[in-house]
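Attaching a single structure in structure tokens format; questions to follow.
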Amino acid sequence: MSDAALSHEAHAHPPGFAHQFETIEQQREAGQLGMWLFLMTEILFFGGMFTAYTVYRSLHLPAFEAGSRDILEVQFGATNTAVLICSSLTMAMAIHSAHTGKKKGVTMMWLILTMILGLTFLGIKLRFEWYEDYIHHVVPGFGFQYRPEWASLGSQMGQVQMFMCFYFFMTGLHALHMVVGIGILTVLLIMTARNKFSPDYVAPLEISGLYWHFVDIVWIFLFPLLYLIGGRYPH
Amino acid sequence: MAAIFPIQPPAASTIAGGVDQLYYFLTGITLFFTVLIFSIIFYFMIKYRRRSPDEIPPETHAPLALELAWTLIPSAICVVIFFWASYLYVRNSRPPASSTEIFVIGKQWMWHIQHPEGPREINELHVPVNQPIQVTMTSQDVIHGFYIPAFRIKKDVLPGRYTSIWFEADKVGTYHLYCTEYCGTNHSHMIGWVYVMSQSDYAAWLAGGEQNESMSKAGEHLFSVLGCSGCHVAGGDGPPLAGMYGQSQKFADGSTHVVDDTLIRQAIIQPDSVQLPNYKNVMPTFKGQLDEEQMLQLIAYVKSLGPEERKNGQ
Amino acid sequence: MSTATLDLPPAVPAESRVTYLNATYGIKSWLLTKDHKRIGLLYLATITIMFMFGGLAAFFMRLHLIEPQGALVEPETYNKLFTIHGIIMVFFFLVPSIPATLGNFCIPLMIGARDVAFPKLNLLSWYVFVTGCLLALVAIFSGGVDTGWTFYTPYSSTYSHTAVTWMAMGIFIAGFSSILTGLNFVVTIHKMRAPGMTWFRLPLFIWAMYATSIIFILGTPVIAITLFLLALERTLHVGIFDPALGGDPLLFQHMFWFYSHPAVYIMILPGMGVVSELITAFSRKKIFGYSFVAFSSIAIAVISFIVWGHHMFVTGQSIYAGLIFSVLSFLVAIPSAVKVFNWTATLYKGSISYDAPMLYALGFIGLFTMGGLTGLFLASLATDVHLNGTYFVVAHFHYIMVGGAVMAYLGGIHFWWPKITGRMYPDLWARIAAALIFLGFNLTFFPQFVMGYMGMPRRYAVYPAEFQVLNVLSSAGASILAVGYAIPLIYLFWSMRYGPIAPQNPWGAKGLEWEAAPTPPPTENFDVMPVVTEDAYNYQPLKGAHHSV
Amino acid sequence: MHEHGTQEHGQHSEVIVPVRVYVLTFIALLVLTAATTGVAYIDLGVFNTVVALAIAVIKMLLVILFFMHVKYHKGLTRIAIICAFFWLGIMMTLTLSDELTRTWEMNPSPWSVIVAHIPHLARLLF
């Protein structure tokens, strides 16, 4: 270690300060920018699928509408949307309470609430949607069975399976992001319990919050695109 | 020298000349700028070589006019090339009304060619000189690429769709036919020959080859064997097809399409997707029951009922 | 460049100083390092190994093609060879080549930072990359892949019986390494610059790396999702890209090229950045038209995303889309031309020396000019119809990717080698190698332009006999090229141990990495954090303290 | 050493957003969710899709502006978000420019064909 580096190390640093930065403010901004760039990547990642979905929806509209209408159940999609919106609020409140210097118990409560809501979302998805789909043989690759009411689709019937493939792929990838998010929340909970955060240092909470809200936004689009668009009203 | 080291492919179609002129122009642009840049670099390298180790050269400034000049001049050249190339491309994409048609089916790893008069060929294509010919192509498996360098034409051949190109050969001779879209193990064996023949030789070839019934005749036969003729008659469950080909048609979903090869194919395998107003959705799909060749025969038959017949009928 | 910097006694030999190389020892100290310089070297080692795999495949291909009927292998094997060559060279060598090695090593040094913004993420991205490489090698050694590096469906999704899924997953994973690297660079360049280092004082290499990182961040996720969909389609057969089941194979091509065309600029933009450094350093001149060169990098990055359809003019794309993509494709020619003219004008009234890095840089300008201009043939619709899918395309993109990107990569390696290792390499050998590579390259690829115009399709294991002369010429050139690449590999290795100790600034170049950081740098790069008071490439000794070397 | 930063470190520290804003955003999001679900059961023709997507975009903006604090950030963050959606737009528009025009003829002239297809395009997209 050179002398300069040593003198740099010798400064008193706030918790969580990394050596390559000059100030904690610089570090906070770098972290925020990094997360926003990551979210840009995520937008294009999900965007690739949205593009494919848009193209095939315009090519096979009746089949996509039939899949949405006959298989997906709006009440679960709507409930889950509400659950995720609640979790976004509790996440924002967790950051707020840490930022305003509330007792760590308060922050932990909000974090735990967020985790519970996230798990509720996954629970509903698994138990009432994916599991039911499996039971009713509408999972592509796992004994997908065409239903008699789709016979009117004629030759386009096959594309109902394609719709379900997109449905599972998109909601599956979204659910994977939720699982990662809950993992992050667990880490944040432990950090809070160990008094890592103070009103001056909430960067990890803020950055994770951005991620959590982004996952919410993805669902905000998945819900109408998969559950609502076309074919819910009586034909 | 030219024999062992040719630098130009034969040019044997009406399209080739235009493409070659543009090619020469682009080659000229490339040579000009390459020589320009190389000579300036060599000149500067010698003139301004470092003469002593601690030499500090004088400062120069970049005049805005110069920067603008070498931004705008290339832009102008690009605009010229774009319009020239696009003009040729659009022209080369529109087959003349007098074209006759030939059908091509690509499959791993051969070209299957079908003349409307009946003859079939594998990896060989006989065409008459000075006659515009439209090639309608489809693939039975993966994507292939239909390429005749001497004609300067190329188009990928896709499964589930028809693509088409046209050419008018203007020089009698034998030319290469290649597959240019990688299609698997024997991609490089998916080659053949194009024989451009004088009109009389071509007529003799047609007469002398194996005598199959013409494509539209075969199509007509299929049309009745498959039961199509039961419904597609005036007053039947399906629309009469006479005079439909090549016309704009309004569909039940409100859209308007020209009835072309791809649309007829779609009507056969996905009848409900091209539902006509005033008709019930009763036609069954023939998906999986026809091979690509039979499909083309049906299309040739519908085509033979073309607009002319309606004119006669009215 | 900087004034308030250290006065390092130039004579101190590296051995007696603590540098990033000798600060800690042992394999563990390298495999767990968070130092951007060491991570850069880890990447250098990894991509060199991958380059050898890719190069070996090319060697066998060229050997095979000296006879029209194929001299060496069955068509099946030949198909695997060109697929492996393409995939390895594109995804595992060229894409990470300059960014992950020189970018990692130089960015913090050049902007005056102790490290990149997220050192742990940086190390993680190397591990992710190695995982991707290993998966790709598993795919190769479990029978190979025969789809071509473009993975066109439905061949790749339904018909190929090779290890496509493994290879797709390897590329998918390596993609995340690109994303993390790009993210790290953007944040570093935005937030870690030294006091006084304004945007318009940045070396042009930094501008180029910034533009490259934009493509990493916005393009890579799309290839990831596309390959994922391909793997899904191979497993489930629900028709995502299979026309027999209602899918559209051209949608795959759109999504593939949305990344893979910008990927070409991932390869060439960093090369342009390196060349801007080399041209200025070896002519001791400020770059001609700094802001034009800087902004043209950003322009290229943006335009690169709207031109992909020119790969699909003859694949059954709509004629209307073809017209749109053609006009957009011409746009990218403008900033490229601006760069070439500005580099050339930088030489004007300079003090030009012919050190090996400069030879590479000048070679780059010439070959890139040819590669760029031949691109016009492929952007213009009527000629593309004839040339698409032929050897003309092969020649064109090798002029860009090998004549451009690899020349710049080697130039950069030679330029910063003293900074990286603290040793000099034998200059004469380096110049011989540069000349051999230039000659060998042209002999290999120029005949391919002619072959392409003559109509020889690419990816042919056997070909008509009339193309043999040109193919033999090309193979002869390839053997010269191989020797040209082998020489630097040998003397650079040699110099790491036996090369003479490098002076602080062997080229008398400007820039924080030469003037403010010791050679080789300590772990945190600078003994005293630099403050910047002047523009980049200010070779005039008028204002501020000038460190002549 | 911590006192001086580089020129870009002028940004203020993170703003503390009042709880009231969060709660209002939350209520608005729930109301919009109910609205979008309800509208799906009414036949509006092509406007079903338009309304559903418009509501989704409004909801997204609410989350981005208030939950993700972008209303209180200037500059870089906004540019990043706009860039991401712009690039997504590029991918979708240019892909669809092929997918939706593939069956178009070239007769009588390309321009007249484009004009004739515009109403149909609008239908296809929604």
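The letters A, B, C and D name the chains in turn, as written, and every chain counts its residues from 1.
Criterion: a residue touches a chain if its C-beta (ideal position, glycine included) is under 8 Å from a C-beta of that chain, and two chains touch if they have at least 3 such contacts.
Only a predicted model underlies this, so the values are computations on that prediction, with no experimental measurement involved.
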| request: Specify the chain with the shortest distance from its C-alpha centroid to the centroid of every protein C-alpha atom present. | output: C
| message | When contacts are scored as defined above, which chain pair ends up with more C-beta pairs, A-C or C-D? | response | A-C
| field | Inter-chain centre distance, chain C versus chain D - centres from mean C-alpha coordinates, in Å | value | 34
| said: Taking the mean of the CA coordinates per chain, how far is chain A from chain D in Å? | reply: 17
| message | Suppose each chain is reduced to the average of its Cα coordinates; what separation in Å results between chain B and chain D? | response | 39
| said: For chain D, give me the residues that contact two or more of the other chains. | reply: 1, 4-6, 9, 76, 83-84, 87, 91, 95, 99, 106, 110
| query | What are the residue numbers in chain A that touch two or more other chains? | reply | 8, 22, 26, 29, 33, 37, 40, 44, 47-48, 51, 55, 59, 156
| Multi-chain contacts in chain C: which residues touch at least two other chains? | 190-192, 218, 222, 248, 250-251, 255, 258, 316, 319, 323, 529
| query | Given which chains touch which, is the overall layout a line, a ring, a star, complete, or other? | reply | complete
| task | Under the touch definition given earlier, write down the residues of chain C that touch chain D in their complex. | result | 190-198, 218, 222, 248, 250-251, 254-255, 258, 305-306, 308-309, 312, 316-321, 323-325, 529
| Where on chain C is chain A touching in the complex? | 18, 23, 113-119, 121, 179, 182-184, 186-187, 190-192, 217-222, 224-226, 229, 232, 235-236, 238-240, 245-248, 251, 255, 258, 522-524, 526-529
| For chain D, which residues count as touching chain C in their complex? | 1, 4-9, 76, 83-84, 87, 90-91, 94-95, 97-99, 101-102, 104, 106, 110, 114
| Parts of chain A lying in touch with chain C, wherever the complex brings them together | 1-5, 8, 18-22, 26, 29-30, 33-34, 37-38, 40-42, 44-49, 51-52, 55-56, 59-60, 140-141, 156, 158-159, 161-162, 165, 169
| chain A contact footprint on chain D (complex, rising order) | 1-6, 9, 11, 13-14, 16-17, 19, 22-23, 25-26, 29-30, 33-34, 36-37, 40-43, 48-49, 52-53, 55-56, 59-60, 63-64, 67-68, 76-77, 80-81, 83-85, 87-88, 91-92, 95-96, 99-100, 124-125
